[in-house]
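Next up: some structures, all given as structure tokens.
In the two complexes that follow, chain A is the common piece, with chain B as its partner first and chain C second.
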Partner chain A sequence: MTTEIKERIPSPIGESKPRLENDQKVTGAAIFADDIQFGNSLLYARIMHSPHPHALIKSIDTSKAEALPGVKAVVTGADFPGYLGLYLQDRHIFCRDRVRYVGDPVLGVAATSEEIAVKALDLIDVEYEVLEPVLNAEEGAKPDAPLIHPDLGNYKVANFIFPQPGTNISNHFKLRKGDVDGAWEKCSTIVERKFWVPHIQHVPIEPHTAIAQWDETGEITLWASSQSPFAQRNLLAQALGVSQSSVRVIAPKIGGGFGCKAGISMEALVVAIASKTNGRPVKLLLTREEEFHTAFVRQELIAYYKMGCDENGKILAMENTYYWGGGASTEYGVNVTRAAGYSCTGPYEVPNVKADSLCVYTNHPVGGAYRGFGMPEMHTGLEQCVDELAYKAGIDPVDIRSINCVKEGCETVTGFKMHPTGLSQCIEETAKAIQWGQKSPASAPNKRRGKGTAIMWKAPAMPPNAGSSAWVELAEDGTVNVGLGGQDLGQGAFTVMAQMAAAALGVPYESVRISSPVDTRYSPYEWQTVASRLTWSMGNAVVAAATDARRQVLDLVSEAWDEDPEDLDIRDGIVVSYKSEQEQPIKDIVVYGLPKPDDQGWLGGPIIGRGKFMPSYVTGLDAETGQGTRSVVHYTTGSQSVEVEVDLDTGCVEVLRGVSAFDVGRAINPALVEAQIEGGFVQGMSSALFEEMIMVDGFMQNPSFVDYRIATTTDAPSDLQSIIVEVPQDDGPWGARGIGEHPMVPTVAAIANAIYDAVGIRMMSPPFSAEKVYLAMLEAGIVE
Partner chain B sequence: MKPPPFEYYAPTTVEEALVHLAEHGYDAKPLAGGQSLIPMMNFRLAQPAVIVDLNNIEGLSFIRPEDDGSLAVGAMTRHQMVEKSELIVEKAPLVHETMPQIATSQIRSRGTFGGSLAHADPSAELVCVSVALDGEFKIANQSGERWVPAKDFFLGLFTSVLEPEELLVEIKLPPFPERTGWSLKEIARRPHDFCLIGVAAVLTLDENNKCQGAKLVYLSAGDGPVEATQAAELLKGQDMTDEAIRAAAEKASAEEIDPSSDIHATAEFRRHLANVLTRRALKEALDRAKGN
Partner chain C sequence: MLDPHPSLPEFDYIKPKTLAEASQFLADHAGEARPLLGGTDIFVRMRDGFWKDQYLVDVKGLDGTNEISFDPAKGLTIGAGVSMNRVSAHPDVKVHYAVLAEAVDSVASYQLRSRATIVGNICNASPAGDTIGACILLGGVLNVHGLDGKRQEPLSTFFKGPGSTVLKAGDVVVSIELPLPPKGLQGTYLKLGRNKSSDLSIVGVTAIGYPDADTVSGYRVKVALASVAPTPLVVDKVEEIMAAKPITEDVIAEAAEAAFETASPIDDVRGGAKYRKLMSRNLSKKALTVVWEKLGR
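Moving on, here comes the complex of A and B:
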């Protein structure tokens, strides 16, 4: 009988289960932050933003606004002296003495209607003394550049970030390995290039929304469209000087994040305003225009690469300098630049490396986490240089990658021995799928086709000890409730967690629920929903909690049945004994326990399992060389190949096909993995062809969807292929590692390489508009 | 943001709509599909005190063949209805080819033929195509109606001959002469965006395959639809050789259009694209005129 059960229960691991929230989203039952009702007591906040890229605030007169009927609070930086920041506490909630970018929040107003709040802002006079702005990271890094943060030396900072007080450099990551200067002469081919990757923004379809309430006892509640309820709790408590336990963050459904709803940004503004409204809740909903400056943007990157290889195509040396335009605050962004430092070679084994990754303050909007966390920007130039190196050395671009890519046991750039990785297989798979080496005919005489490949690596970028926790509780009918603190952003995290809990506990997938919305008062701790870390880290915590609950059930049954727990199992929600062949559904056990024989009392009671996970093995890196035993938890690797067609007359680029292969360790839910890969490809393609925050003298020129273009479904190539490679991660649940961010990392470079293959030009700065491509072809003499 | 408060009327007949427009004059705006007006109101770029909603007027949505061989299209006919119309395929193939290039299917399901024309946006495909087709616009007011040729209808950026008390009610599209070919070519950053530049070409051949008449009308090339009459004149009576086509494209793109620079493209690049597109459009029109 038990064998029969074993056979008929497939594990939910590796099954493409439908997403848990499908019904809620399709029926409209899903509750987003803006859907939550607060009745008549709700107030509406609006923010006054700096009109200057860089200026001193000389005076603020709010008296007329405060006298306007319906205005309930006017809050300025004078009210909140505390500092805010994840890795570097360099920012106030509202500006105090100085504004540092166009859009910097100067003050906030709460009123009984949005209209009155807007009117109140018109009544406020702010006097500024305009200062010279820093508009470019490379210029900003120079010693004579105007200083944006004169107090940089006094800011609190994580011990792995290295600010340079007296400059605009808020982090300098140095990597020194081998002998670069001595290596160049051994190189038969050398490539040197400069690239510029502009600011882009995440543009989630749901703009940032937050509602805050301070009750009369000082308890703070924040409802926010959030990737990071626990980090927000912690950062708010630090900035406001209150206990973490006095701050409660509730995170309802979220309409896209991509990193901009991680850490904290506009949420602090609305909490600060709510401190002055006598317990009345205050809502702040960003407009699309505000989304481009009141939350986070992606840093810009000015990057210099020099790399060389010998006549066999073996890369001998790299010397890379990255100037990251971090914006007016780099509280989160400093770690992007660190990640780019310890990953500076890309997924290659290079014996001689010199790299400097510099985080530079500029008078631009605040840079933060954006899908890929520096890797898409860094790989944009790097992977084009590797391509160029191949062509110049007379080696096939796919071969040069196979020759040099990281393999198990090789020494990575920081001196860490590479764990098992399927990168070589990914390269082979994409080359095969795109029919590498075969040129297909163009669709018209004035068009040219080309193929390009780029590969990538990315590690979760986070503190070494970012933790996860979970609980698993069982109800009277044997259904399972999983408590967790990470967020489902549409990536399917809750679905995957339910699959893992079901598999670890031994119950059907359909009987598992996720306890949501995440509420820091009731949900277990999770660092943040970032870094593609949930499947791996939160997954480990959920598996531990489910295993704990399972152990409790089996201990109880072994006592009641007087059997060895080793002979017992839970399958499909039924406890079975392989020895006695007894069986009992868990629903009869998990709340009321089991009776002792002869009515002599009861055993057990409500079952609640707990679990946690925190990596314990990540070491520090030397401040001068960037070398250490283990820089990161692991790297997810992958490869992408694309085929494009370029119109010689117009410069228009069409992406015809995209093929991706990523090593995910183990695909817990293959359909969701494929969705991540396709979505990442299209987002990467969007940044390759369309996206750019056009900044002129510190002012953004295109803050709307009319002028800031993103790829939509109609722009995506119909031929997208996703290949899943599975080389297990030693500490991942069932071997799984993350795949959330990675698929957009190589895309820009892959498209650029394909453009080169088609028409022979190198594109040094995305987006590759028709005009840029045409002018480059003109300059190269490819067209007349 | 949402629009400031406004008065709202939903007449069910043209006569009733004209009464409201006459009464409120410049304070009133007729609402057709709302694909431009509503965003402008939400951004508060337009703040009409009175909205006269035309969507309940049944008699303004039609596509009708006329006795003289032309086609009449009601001003409130949705783009989607035009797109799917067999009559349009048969009698106004250039319009048929244009429809899928207008924005996205969501916008086409709500936007109207007449609304797009009355809005007089120089980057709108129909504005350009109506001129290329020698369309005629029927305009009504309380005292009667008048007909205005498309080329005289558009005065400038978002400006037409429509007076505040007037309503565009019908568009008449004359039939093509024999041996006429057509084409609409445009380039946008994404296919559904406002284009960087576009051109509609209509070409009629005589029995010797010489150009009997040509029309080149550009969109996103100035404050209104821009007709390149000198380029068309160069072609008249000519064999449609590559040289003739190139000369006309040069003339139009270098001298007759007036595109501007913005964040999406420079004027210079737009002129280059106009040159390329003109050649492509004329070649396609030529093939079609020959019946290939």
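Moving on, here comes the complex of A and C:
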């Protein structure tokens, strides 16, 4: 009986199909933005950047540059008064009166060659009046700090973001639950700590690239390496004061995004310049140094944690304050700080909570979305404090997590009733796999081994009504063409969408094509490729479109064959009747239709299915308490355990093993889920051990791969294990929820906890470089 | 470096036919011309705007610059244009100069080493040069062609400061000669980078040792340090300590302490002075122990 009612999982759901674009990428045939040819009319843009962290622009003299032969346009902020911004419209395309970070775009030049554009910049004089910079989020939040955005009160802002005009605080998320002050005396153990997580950067292998063209009718076309063609269309239209439909964004293959190609950044510069070039296309390709100085960065975090538990290890209270260094603009970053606010406790059920998550302007590069959207930063300190609480309370660090972690039906920090989640199982699985509690011998006498665990949660951070849409079209040969508006960043989104379309329609996976590149003129709407939301949200839209097409096919056949649609099915691209045992390939049906039963005329015609998905149930949160019915669509949860070896001679930390378990609801493509988990682990490890934008007085000291180190294959552990837990999501396609960002969320804390287990020191600020670890061991008297 | 040139700035590529021609051109354009070998440093520095030379004088392929040869009676000669990968793959280098091969293989990445050269590494005179310590300790001598013809420059007196050497305008280093190694030579190069591959040294330690009947210990042992002083640094005190009494763990610790005392590093983005000094000690100790064990302990 139970087996009969169990939902049938159709092929190829759950199968590890190879990624669709593999051949193109491996052979070099794939077309990226910089590969597109525009012929002789193409102009080259270069940008002049602010050399000061904070200054007023007193004057700009472009006359000599404009007279240089080959220069076709010089564009300054004076030409573009509009504002840009996803959640808070706080920046102009080019600076107008003020520069706010080293690298802020002051003006742009288009010329017939890159060399001439460079020469033109040398001929331009800009006079500045230098102002005192804000270099630290906590200092910047103080009332007497220099103001970076005096006009904050006039900016347009989403209704769930709360700027504090007259300060540098562009969002203050408050969470008040229970009675924190009264709870401390009931705690037998209390831990208080401060952590600092520095700026890091996404460092995609392909730098930001964009080409823009305005034709004589005012139609704008942008080709860009982009995660967000539709959001870019919308943001550009707003900033330029034109209609969305006169902006067309084409998004070819992308060489990595990780969040930095979401929203809009340098794309607006090249569009603005192209408005002055009489229809000639203009290209801007960032150098790696420009990428470091001017593209989005991950916000820095100064975090204070206080938490306490009773003698049984039950966490009774948390009081957390997060100062986010948002950089010169927080148009996107304000929502990072909101996400950290409504997720402020981490994946724990805590009855008494006080939290303040503050987004603070600083004179640093602009903070944007970065894989994890605030969660890796927030979990870095939080999960170390939970570890410390366990040790102080005499409870096993894994046990304290099992005791307190969110479970189905419990009340989360915002008052939302937790949906079914496999977090407890994830904790058990990683502990088992890492052989928790067993110390393995070090590889040399001067080395020490340790194990650490950290757990996580993360919800898609987005507006409550972020939507997806899709169409499914069938061709004469039975091939299925899927139209969608999300982007394949290498995570395998297109492959997974093809699997879903095949399964929902009943055709072989091999006969599904994804209509790409995404082009806002022809592709259906998708909010953005961010928030680990595509498998779930765009997947729902694709399944709806495929189901719609299937229904059209079956309705047609039912009429033509005079059968009940309930007796019909599409299997492997063939319509079959379980009653009459008739069958016919869909390729004979889907374009030309079928003859009427009496042969006097025809039925049907070309089949196009359509589908959409938009969550309808997310509610607002109270501005003073952060409480509400449903703060988010869902949380993906998981656990990581690592084993490290610390070299007492050098302080080098080697990660020997990494075990991850995540509840993905349903793995549509297990190999791609594992790839996300492994990739996320290594990216998390890289930020734990190596990555930091070293900022001195607002200037980045290491803007190249010589001195901004990222993990290589030689640094990654050879022993990486990925465990897939599947507790289905009620509104996910076959129960699926996202896994793109989550694997790097707990990694820094897990490694820090393992370092503590190995040598007994707490690392309060990543990266845990050999130098930092050695000097900490020296201070602790562990080494001489 | 906020605004580097998006590609290389303009320069003239000069391909002289003889060493004499090369020296003459370089002398005639002192301050605006530079000899070109692999280019792995030059192009980066020109793009960054640190070097603004108008002319790059390609000396690869000129007399002797493209050859590597081993003479069992005299030793090894490495032409200036010979890539690092050619050096470390050379069978005689592997047998007789293993410590050099080990140092070479720690430089940047395999791809870079297909262009990078040892003579280029030396002439850049970066205190961080990974191959320089081995070349100095093995008694390396440079064959230089200048305006006045050929001469030799021993590496022991070659370096004057970061990026600064005894070379004059018009000088072209043609090759480096390493004499026959002493019998029973053992060595090691320990490099501490921020991550495992393709990094510059925070500290690099070259150590060599060989039997020597003239010392009390019965061994001659030497250490050179990278990245802890304005020039590649040979710690003479180590040689004295390791010669003066029978080698024990305590003697090695004493020698390592001498390395600590001699190192005079600076703070930079790759590491702080304090850490570098401590690592001069720890890695010297480790390197000396490795060499002692290889010598049969």
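Rule of thumb we're sticking to: the second predicted complex is superposed on the first by the 771 of 784 C-alpha atoms of A that agree within 3 Å, B and C clash if a C-alpha of one lies under 4 Å from a C-alpha of the other, contacts with A are read in each partner's own complex, and residues count from 1 in each chain.
Just so it is clear, contacts are C-beta pairs under 8 Å (C-beta built on N, C-alpha and C of every residue); 3 or more make two chains touch, one makes a residue touch a chain.
Everything quoted here is computed from the prediction, not taken from an experiment.
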Room on chain A for both chain B and chain C (clash or fit): clash
Partner chain in contact with A:N702 - chain B first, chain C second, else both or neither: both
Which superposed partner A:F690 touches (first chain B, second chain C, both, neither): both
Touched partner set for A:V102, first chain B, second chain C, both or neither: second
Which of chain B and chain C A:H293 touches, first, second, both or neither: second
First (chain B), second (chain C), both or neither touched by A:R46: second
Comparison of chain B and chain C by chain A residues contacted: C
First (chain B), second (chain C), both or neither touched by A:T650: both
Shared contact residues on chain A - chain B and chain C: 287, 649-650, 652, 690, 694, 701-702, 706-707, 709, 711-712, 714-715, 769-771, 774-775
Chain A contact footprint on chain B (complex, rising order): 1, 104, 187, 189-194, 196, 263-266, 269, 272-273, 276
For the chain A and chain B complex, residues of the former touching the latter: 287, 649-650, 652, 690, 694, 701-702, 706-707, 709, 711-712, 714-715, 769-771, 774-775
Partner chain C, residues of chain A touching it in the complex: 46, 49, 51, 102-103, 114-115, 118, 121, 285, 287, 289-290, 293, 649-650, 652, 689-690, 694, 701-704, 706-707, 709, 711-712, 714-715, 769-771, 774-775, 778
Residue ranges of chain C in contact with chain A within the complex: 1-7, 10, 192, 194-200, 202, 269-272, 274-275, 278-279, 282-283, 285-286
